[in-house]
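Chain lettering (A, B, C and D) follows the sequence in which the chains are written, and residue indices restart at 1 in each chain.
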Amino acid sequence: MVLELRVPHGEDLAALGPLRPVFLAYVLSFVTLGIFWNNHHHMLSAVDSINGKILWANLHLLFWLSLFPFMTGWMGESHFAPLPVSSYGLISLSAAIAYYILQTVIVAQQGPDSKLAAALGNDLKGKISPVLYLAAIPLAFVERWVAVALYVIVALLWLVPDRRIESAHVR
Amino acid sequence: MVLELRVPHGEDLAALGPLRPVFLAYVLSFVTLGIFWNNHHHMLSAVDSINGKILWANLHLLFWLSLFPFMTGWMGESHFAPLPVSSYGLISLSAAIAYYILQTVIVAQQGPDSKLAAALGNDLKGKISPVLYLAAIPLAFVERWVAVALYVIVALLWLVPDRRIESAHVR
Amino acid sequence: MVLELRVPHGEDLAALGPLRPVFLAYVLSFVTLGIFWNNHHHMLSAVDSINGKILWANLHLLFWLSLFPFMTGWMGESHFAPLPVSSYGLISLSAAIAYYILQTVIVAQQGPDSKLAAALGNDLKGKISPVLYLAAIPLAFVERWVAVALYVIVALLWLVPDRRIESAHVR
Amino acid sequence: MVLELRVPHGEDLAALGPLRPVFLAYVLSFVTLGIFWNNHHHMLSAVDSINGKILWANLHLLFWLSLFPFMTGWMGESHFAPLPVSSYGLISLSAAIAYYILQTVIVAQQGPDSKLAAALGNDLKGKISPVLYLAAIPLAFVERWVAVALYVIVALLWLVPDRRIESAHVR
């Protein structure tokens, strides 16, 4: 988590005004990264040994997550301009796909009868999120707040932690 | 701990002058964050398994703590102007509440007869701190140094580590 | 991983233009650092006890890796000017040598019959990489893109994780 | 380790010129922090349980170490001006004292017959370092390079890792 908020120059409420969109983007990214981090923690705790494929899939996910501070800053400082908002969706989509790859690699190692595979079940949230991100990418140019709303919806969707893994049981 | 001190441009004592309030804010936040970190370490060491609720309560606490570098910079660079000082209290209060929620979630998992629950006892310090932070928020606009003094008092109050957990024993 | 991308000031595609070389350098360094990190992880997982020599060899490696954010920024922001590109090779070479020293120190501790020693085998990639980096240092002044191509080749060479350690077996 | 090197604006050797003192300070601080970190690692590996006093002594040490990026930047960017050089000694002295306190607290916990107490022996280096730092503080105003030389000497003195702990044995 290396999101950054620049210190404003004034000392009154007016100084905080231009910070509002930056702060909104900060909160959105904090929640999004927190979701990835939490579910990542849940998932990796189910893994007993790490192999090369998992390491690389993990690094791949890290790459996209590492771009969030940049995208967050750009989206916030441009006051949610269409291109930054759309790009934010692209990075989010890439991270979601990278997460899916990591999950697939781990399930492949654990086997189809593993606790993790059973816990994931049909993985509805994991399938809806990329679709919403994908929709947001072009929609940002039509009506950017619809795209932002989609990002918020995905975040809310995931705010319920991955109970599936927590209460895992083979059917 | 990602508090930051900007390098001054001069090379004499005069160059350090404007840094004084920034440094004061730095020390205050270092101690405050250190207190959270230490007690957090104590508390989590009493937890044997982490569930989803604990992860989220932990992330929630992290959110408020992540705003400290920003608030510290703003309070220091504005030379302890009323609004930044008051906002500092708001963030501190939020962090204290988030800490309390995390603690409650962990105690709920551990059970009312757990070592941790007994160790916390009536949790006097945990109840006084938010009250002092709450008082500082409006007081900052009346006399800002009173608010700062309250922050210092809370810090001193906690500088004694949470012995309660260390020497925990069921009554 | 503390590579940094500065937020652009515009909000359209034109604003991203000057960022292109910076982003290219970012990706190259991310992959290079990721390679070091992954193989480092593989190698250290084979170590059961850390002694003073290993700590120092590790710190030495860390020193060169710590210069990557600086070199990455300089190479990208100078639009791959000859001197920065050449210096990037120097730092990469130094890091590769430091990695080799760390590896040698660990093998010395583990013994020539250890799993790690056997796993490393003739260590072809470990010997080719510094040669390519060494070649890139002067070549950057002749034709800088050749040097950059060499950095990319080394990265691709290593993108296959160090299976040698993973599937280690004494011959 | 959050030392920072700012990316220069030019792309030739001349652009690196003003960076020279900054880089010198960077290397000095990297080695100094590395020494603290390594010996800290050695020392803490001898500790089986962490109590409140150790946590606080550790945080106190961390406070002084956290000022190194600031002091390093100031000393380097001021081209080793007397006041920054002297202040660097003050911070180093404070960190050395904080390290000594942490060590004392840990030895107190472990008991005078512990492996650690025996390993530390008469702790010659631990006693010489603060004396040299103390001498450097006023000397910086007389002849700053003498002070810098003292910092380098302390670093070289410690570059030999704390064998005492490594090969610890009760007499």
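Rule of thumb we're sticking to: a contact is a pair of C-beta atoms (placed from the backbone, for glycine too) under 8 Å apart; a residue touches a chain by one contact, two chains touch by 3 or more.
Quick caveat: nothing in here was measured; it's all calculated off a predicted structure.
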item: Given chain C and chain D, the chains that contact each of them; value: none
item: Fraction-based call for chain B against chain A, same above half, different below; value: different
item: Rotation in the CA alignment of chain A with chain C, degrees, nearest 5; value: 90
item: Most remote chain, CA-based centroid, reference being chain B; value: C
item: Centre-to-centre distance between chain D and chain B (centres being mean Cα positions), rounded to whole Å; value: 28
item: Centre distance in Å when chain A and chain D are each reduced to the mean of their C-alpha atoms; value: 39
item: Multi-partner residues of chain A (each touching 2 or more other chains); value: 2
item: Arrangement of touching chains [line / ring / star / complete / other]; value: ring
item: Residues of chain D defined as touching chain B within the complex; value: 2, 50-53, 55-56, 59, 62-63, 66-67, 69-70, 73-74, 77-78, 81-84
item: Residues of chain D that touch chain C when the two form their complex; value: 1-3, 5-13, 30, 34, 37-38, 41-42, 159, 161-163, 166
